[in-house]
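Both complexes shown next keep chain A, but they swap its partner, so chain B is in the first and chain C is in the second.
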Partner chain A sequence: MDLRRPNRPVIGPKVRQVGFVTPDSAAATSSSSIPAVSAAAATSAGSPPSSLSPVMIPPPRHPSTEMSNPHFHPVGSYNPSEQILGSPPALSPSRSSRFDADGSDFGGDDDESVALSGVGGGMTPKSSLLMRQPVTKTAPLVSETRKRDSNASKGKGEGPSAAPKEKLTKAERRATQEAQRAAKAAAKEAAAAGGAPSVSKQPKPATKPATQQKKDIPSGSGPLQPLAPSGSIEKKQGKKEVAAPHPRMQFDDMTKVGKLKKRAVVNQSEARNRVELFRHLPQYEHGTQLPDLESKFFQLDLIHPSVYQVGLQFLSDKISGGNARCIAMLLAFKEVIQDYTTPPEKTLTRDLGAKVGSCVSFLIECRPLSVSMGNAIRFLKNRISSLPHNLSDKEAKSRLQSDIDRFINEKIIIASKAIVEHGVSKIRDGDVLLTYGSPSVVESIFAYAHGIKKNFRVVVVDSRPKHEGQGLLRRLVERGIHCTYTHLNAVSYVMHEVTRVFLGASSVLSNGTVYSRVGTACVAMVAHAFRVPVLVCCEAYKFHERVQLDSICSNELGDPDAISKVSGRKDLNYLDGWAQNENIQLLNLKYDATPSDYVSVLVTEQGMLPPTSVPVIIREYGIERLWT
Partner chain B sequence: MPDVSDFILKLQRRRIEGSHATARQTAELLRSVVSQTRMPYTNQAAALLDAVRAVGEQLIAANPVELAVGNIVRRVLHIIREEDLSSSAVSFEGLMISEKSDDEDDADHKGGPVLSAAAVAAAARSTLRPRSLQTLLEDGPLPAAPSKSSSAGDSEGKSKSDKSAVGKRLKHSVIEAINLLIEEIDDCYEDISEQAVEHIHQNEVILTLGRSKTVKEFLYAAKQKNRSFRVFVAEGAPRYQGHVLAKELIQKGLETTVITDSAIFAMISRVNMVIVGAHAIMANGGVIAPVGMNMLALAAQRHAVPFVVVAGSHKLCPLYPHNPEVLLNELKSPSDLIDFGEFSDCMDFGAHGGAPLMHVVNPTFDYVPPNLVSLFITDTGGHNAAHMYKLIADYYSADDLVIKRKSTSSN
Partner chain C sequence: MDPPMDFQVVVLAGGTSDKLSPLVSKELPKALLPVANKPLLSYPLELLEASNLKNIIVVVEGDEAATQVESWLSVAYMDRLNVEVVKTPGDVGTVGAIRAVAPFLISTDILIVSGDLVSDISPGAIAATHRRHGAAVTALFCPAPVSGGADSSTSGGKDKAKKPSRCNIVGLDPTRQFLLHVVSGAKVEKDIHIQKRIVRAVGQMEIRSDFMDAHVYAFKRTVLLDVLEKENLYSIKQDVLPYLVRTQLRSEISAKKENSADESSNGATKELPSEDININSAVPSNQNLRWLSQHREIAPSSYQEIHISDCDMNKSRLAKKTHKCCIYLSGKTQYCARLNSVQAFGDINRDMLGEASRITGYTFSAQNNVVHPTVVQGAKTTAGGQCIIAEGTILGDKCSVKRSVIGRHCRIGSNVKIVNSIVMNHITIEDNCTIQGSVISSNVQIQERASLKDCQVGAGYVITAGSEYKSEPLTKR
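Our next item is the complex of A and B:
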């Protein structure tokens, strides 16, 4: 509940100044704002805080009053709205809001689209529109932005139509402020904001500051920011930026699974003897769907052959590894775009977006997306939707293709080169470097370090069931690097001699958690116990604003049969026919979450950072920001 | 003795592995060694000690990592000492009753009152134990003499018939005690699993790694008491004994989930208790356990999950570990990890002076430091890691910690 500051001139909140005190920054920017609006608020906030209670918590700063108030200094370290937004207190309000606007545009938008496809299109655009109807009535602004994002059929045309509406509300709002009916309006807003998320399944706490932000923009940012493209977009961005990542598909939700099954192309049968803890994750019988899919090849006219091929490769594990999968997918999309022609009476931006969406949902059926792929899809969808209307098909296609090339080049290839350069600086002569699995970036770090005649030894730790380390071992030995190979259980034994641990990551989450191949956490933990520094090498495009504490809530399940069979050990057949016994389950986890305190440093193309800096990277140098 | 060399060969070739098997067979072998030893007229206990020590040294050298062998050798030595003391006490008592006027024997206890046999036995036993405040107080009034009188065979020297009777009695009682020891080794599972219901509650989630018979029996016992709980079994690469354990558990109707070793960290946050077996427990409370256990213990510590080690008393080792990861470890064949010849194509032996570029490390054991262990459950109950040295002192004589043939047999 963001109540407007009550009109009590005497009982001002006591804002204690702790930490960095930068009184100038806010005053300078806010001085240019409209003084008329601030008249009422100035009396409350600007007056000396002769408070009654020393521990009174100040009400959340309302951006509009705060910005328009020349005397208000947003310096207190405690400032709820700012904290939720996450912008550092030193930032001036105007800058932070502008930045939010920049970032959000794509963040929210793509998130929505990815989520839509990620859920497997659990909601068709029409249904989502229907569900959001009531919201439209109560809060036109919210529904406006929502519709823009989610609804594929209604397009950019809404932008202009939204503009007059928006002006009207702006005027309205000013009137409201001046009439001091703020509290009531805010309550209404909050109710609307509270209603919207429940419909659209957005977590509530995140939308609350969003509405605050949104409200602030019409009054404050109009005159302040001539840079902003248009009011409506700005507004949308302001709202979407803080939206939390869309919840993932939960496979223990029967209704949703049923919907998904109906639309599924890949006919997968549920694996037997599921582990109770992992009901929410999909687990299918391995290998059953492949012949079925192959037979469907000529019926699936919707799916482009190259996407189909990549999907099958994912399914059969021919392509694995975050970067490889991402590149394969993007190249397939490139071909899709190449072969695309806009159907009559449709616009390219809408139709191509939908087509990519269907390809993505096909790929998800084959194997759940990795975070890196999700980010790449966000990027692509964003590029598609932001294409200018007046472009011809050919121009648009070539532009998209070059965008994809640029993404692969900048975000993956050049990024890993930069990581290699950073990483090599941490290798000294005589080092013993340990790595786990087969991370591609780490491999190139080793190769490069060997190339510049550094003298070191590599310990390759491997684990069941995939034994990816053997491939890495082979490649390193072929290069002439001294290697020691061992299995994960022996990591405590080899850790004594190790001086550095280099690990790869599937993604790095906003709380610093490293989400990576299962077993990575064990290696990092043992290294931590033995006081060996752990360097996690990860391209910044794999960062994600999601947070995760354990490895259970979100993970991927592999084929359980891979556990019962031990390759090359025919004598180990104790678990043959395990599926007949309902007391036994085999769990083949694919990922785990390494707590951030085990990570000494993250090596990214932005430099070497502590894991606590992940949110900063996501916010400041995140994908959305760099791509605009 | 053919038995000995045969057993040594088996140990060297790792035909016999596992604490239980080696402990039991060592005890049986030593029993036969004791029974075959010819007893001299004097100093019989010393002769037995020498014989056992000679064999024990070879056995330990045959497989130094199999600590249970050394434990049993020391246990047998301890048994001989104890039996010697009690038999001497008995004979002493006989002497006291029959010939009260015999001053020579009592000359040692100058001015002392006539000692009861029980007191002598108690004093004799106390000499085997390390000194502690408690024993000092208990035995305060006793002079230090009994240690002298206990020096083997000195006090029993009256008539030849008496001697031979005592000698037979000593041998006989030692063999009896060794039989008891073997029984104890066999029964340790029952004693341990009796305590299971005290530690496992309904709906518990238990994680274990590899296969240990003790753990299996422990879980069985809890299941028999109608506790329903769930077991996660980490497979324990590269031996994959976890598969065997899982199969055994589901036959008893336990809900079992097999996980890879790499998923230990992911799953431990949902686990209530970790119960594992051990290869040996060192005197400082550290544990020599199958490889991967240190990782598991660290993960358990991270998530504040109790880490419980169940082990029979034959696994209690009176030695303190020094650099146990290397010295008390054994590297197995690389063929467990990589097929033979798999990497021969990419190895160039000529390039680096013949030294191969690649090493494969396949250790068998892990050392878990005592601070990671929450509880030890042995056949005598639950114990703290810091208390293990005291428990171990009950089983072994301080003189036997180093087994060398050269060492003198006095006391």
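Our next item is the complex of A and C:
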């Protein structure tokens, strides 16, 4: 297999419609505004208002979509800035201004009854059936338009300006609540009346917390549905409990942040000057969390010591890397399960699930979960909820523990061994291999290849501030592998001599996008430009059905001080005290998204695949399919 | 009840310390020595209580002291803490004390707190650091107190010999997380011998002599018990800690015990039935997995990376013959002091009145003092700032009290000046006395026109009328 593909013209990162393209979606592509509008309308009408949040895409009004009830708009609190990102560019100024007018119009409290009746009309089974189609079909389209838009805005450096959100009045809140209640009732009715698969999905968004947000439309619920189109109802409903994509928290929403803070264990003082575009991501004053959490060590009785230990290690970056974090977390959960006894008058499946959930939320406070961990948690919760009820505690516990063991083994350890075997077959004598950062699987590939006496050279590309590559370099050199070490800024120079690029990944999303350590995209693009094949090594348990087109909507922010300080250069102190200066905003991103165009092949335990095959892997070998 | 977070707490309350004579005696063990009118032991206990540590083992030296401490504890903390008092024969040292409680120790990690610690550093922070690193031992070090200044520290020549831990020598790694070298007070020689191996591993070592060992240690239980088996160890500070630090790269304990330590920390593995189900050649043991996840730890320092690469190179578990000795350095804003000398007693009392008054739990009045409502003050008597006067004390006319602690039920006559002093309970001071910079134990009688400057007066002593003393310890024969 020749890895060098013909140089395809890359016109920006393209959206592949993979796996779930319905034939008639092509027709919908004709105009960009109509499908987007209908999608928005569909989401507004198809999903009950409980899923609305102030940061959802404001559904643009369109003459043809009269059924979109005005009350489904985020009442009086939508953020105009979101429109820049969220709405299609075709939206004319006049229309958006009309929308504005509407928003203020129904902001009043006099239309409660209207809203109620509107909800009832919108939620009839028939209309929901109708509306369901566009949701799934146009999801990629919405994202495409959004993508284009964000590309454009990226170029101009135009970020959404944070506009002050209007506060909800009491009456408005009540109106929303009423609407939600009505929607729920309608959904129930629909479920009772129809019972068709499409209807069965109806209550699903209703069960979700109200943090649905704009990204979830293309990335969260949208693609998830079509992935198992033929699944039986029972299966879907079983999955619903555990596998519903968690709506991601938006950290620019002050009320939600406040709520989160109240129940947070870790003291989280928000960093002050954050970069505009990334305000929706959590960013805390670094250096305040750890001492605070440490001093509370004995006060948090509810958290199991081993979970606490892992959380501390995540927080202090002692354990990092997708596999290591996942293993550490699973081992901690194993101990939690071991020490667990079902309280009287409770069932193990329910109570243990809740307990694991609380552990997970603690870990999230310490550091946002990686996709791999999310998948592992999903698996574990699935196992817990699917335990037979007649099992004794001891049996149930031992079964869960062996499940965890098997997960670690099959999904991580054996998987990485298989990847090593596949990967080594791509190393020929005389190769110059480049890697970036310190991916564990790639390291094992190199070590194994060296062990079987392949003759090759490694270029380790590293970057500030973590310098993970140095650890890799040290270990490789100790094995006697000939290495070159350079930094990311020199990657275009070293790429001349490189014959293969091996990269690791934090996650691979279902459109083939590789979500990985920041800088990976840069390496992959340079390699693509030099026509060097890029092999991304990733265990299949890190695949996720989400679709992501940029690295903005979902990312992690690191310690800004880490990039403001230069080690060994004490004289470079221009950024000292930057937090006091309002004009400085530091951005330390942790991940980026590499479009699938720049990836030649994905090396997984299932073999070497094109990035387009990710949905197939998810469908056939996904976490849900594991031993069910 | 399970210990919280798998930590047990042992407080070493000591007995009747020689260093503190004449203040402590058989009647008043060190643990009950009043500091700002509260027994010394209440400070560590309240610190622990604030961290939700309610099951505490207190080790007391000597039978009488143990009885007294026990009776005090049962009254003061009856409903709040679950304190168990264990008594040891005198003069067994801190290691002996731990040996005495060894059968009670069941949790994964043990927190050992000295009973003479007056601090507001959260023990949770030390415990969390210990856990985070998975260390064998974690010690709390705090910046050594600057000695109390020329005017206040003249409490006798014999104090010079025991300047508290001035010459502790501590070696730290660049990130200040690991303890690489420690020589404590008494064993400091002219030269410092530093192991090449450790320096090579760490690359760079910072040697400090201005840190003080605060006698708060978190030990892994298995390590601790293993060390206790060894003979000729006497003190944790001077023997056990240096031993562990010295052997951290060629750990004999770990070689033998690491497996069991891991096992017990995992807890699960031993009685895990799933382990049997799971007989699959490809299944690595739990420890291997743990290693795998630690292997990927991004080491905070190159020091650890050596550990890791050692593991990597030799590819054998033998390479894991190391244990980590960590250090928790307290911040500058936190208060931490040990009451291990007469001078420290004075200093701590002063700090309790001044900078560290938050620890005492008293609320200071507008005049920056604490005067109990039952105190009777005569005409023209002034209680200045930074004073504590406890209940039942009667002050005569024209008295002046400044920067001093006065205990319960004292009777102080007219025209008495008390400056910078500590006056304990049930003391009679007659008219026209002057007391400056002194410590006066309980039941002392000071007759009129006596003048004391920088003296320590033992319990029950009678100072005759008109006598003058300067810088003397006075005890009843």
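The criterion applied here is as follows: the second predicted complex is superposed on the first by the 383 of 628 C-alpha atoms of A that agree within 3 Å, B and C clash if a C-alpha of one lies under 4 Å from a C-alpha of the other, contacts with A are read in each partner's own complex, and residues count from 1 in each chain.
Everything below uses one rule, namely that a residue touches a chain if its C-beta (ideal position, glycine included) is under 8 Å from a C-beta of that chain, and two chains touch if they have at least 3 such contacts.
Every value quoted in this text rests on a predicted model; they were computed, and no experiment measured them.
S.K.: Touching A:474, do we find chain B (first), chain C (second), both, or neither?
M.R.: both
S.K.: Quick one: is A:346 in contact with chain B, with chain C, with both, or with neither? Answer first, second, both or neither.
M.R.: Neither partner.
S.K.: Counting only touches as set out at the top, which of chain B and chain C does A:428 meet: first, second, both, neither?
M.R.: neither
S.K.: Is A:398 touching anything from chain B or chain C once the two structures are fitted on A? First, second, both or neither.
M.R.: second
S.K.: Contacts for A:572 in the overlay, against chain B (first) and chain C (second): which applies, first, second, both or neither?
M.R.: So A:572 only meets chain B here.
S.K.: Quick check on the superposed pair: does A:389 touch chain B, chain C, both, or neither? Answer first, second, both or neither.
M.R.: The answer is neither, since A:389 touches no partner chain.
S.K.: Is A:279 touching the first partner chain B, the second partner chain C, both, or neither of them?
M.R.: After superposition on chain A, A:279 lies in contact with neither partner.
S.K.: With the two structures laid over each other on chain A, which partner does A:525 touch: chain B (first), chain C (second), both, or neither?
M.R.: It touches chain B, and chain C stays clear.
S.K.: So in the superposed three-chain picture, is A:408 touching just chain B, just chain C, both, or none of them (first/second/both/neither)?
M.R.: Touch partner of A:408: chain C, not chain B.
S.K.: For chain A, what residues appear in both contact lists, the one with chain B and the one with chain C?
M.R.: Chain A residues touching both partners: 474, 478.
S.K.: Residue numbers of chain B touching chain A in their complex, please.
M.R.: For this pair, the touching residues of chain B are 235-238, 240, 243-244, 246-247, 249-250, 253-267, 269-270, 291-292, 294-295, 298-299, 302, 325, 329, 337-339, 342-343, 346-348, 351-352, 357-363, 366-367.
S.K.: Going by the contact rule at the top, pick out the chain A residues touching chain C in the complex.
M.R.: Contact set of chain A toward chain C: 291, 293-301, 305, 308-309, 312-313, 316-321, 323-324, 327-328, 331, 334-335, 338-339, 394, 398-399, 401-402, 405-406, 408-409, 413-414, 440, 466, 468, 471, 474-475, 478.
S.K.: Per the contact definition, I'd like the list of chain A residues that touch chain B in the complex.
M.R.: Going through chain A, the ones touching chain B are 275, 277, 462-465, 470, 473-474, 477-478, 480-494, 496, 517-519, 521-522, 525-526, 529, 550-552, 555, 563-564, 566, 568-569, 572, 574-575, 581, 583-589, 592-593.
S.K.: Could you please specify the touching residues of chain C with respect to chain A in the complex?
M.R.: Residues 4-7, 51-53, 108, 122-125, 127-129, 131-134, 266-268, 272-274, 277-278, 280, 282-284, 286, 289-290, 292-300, 305, 309, 312-313.
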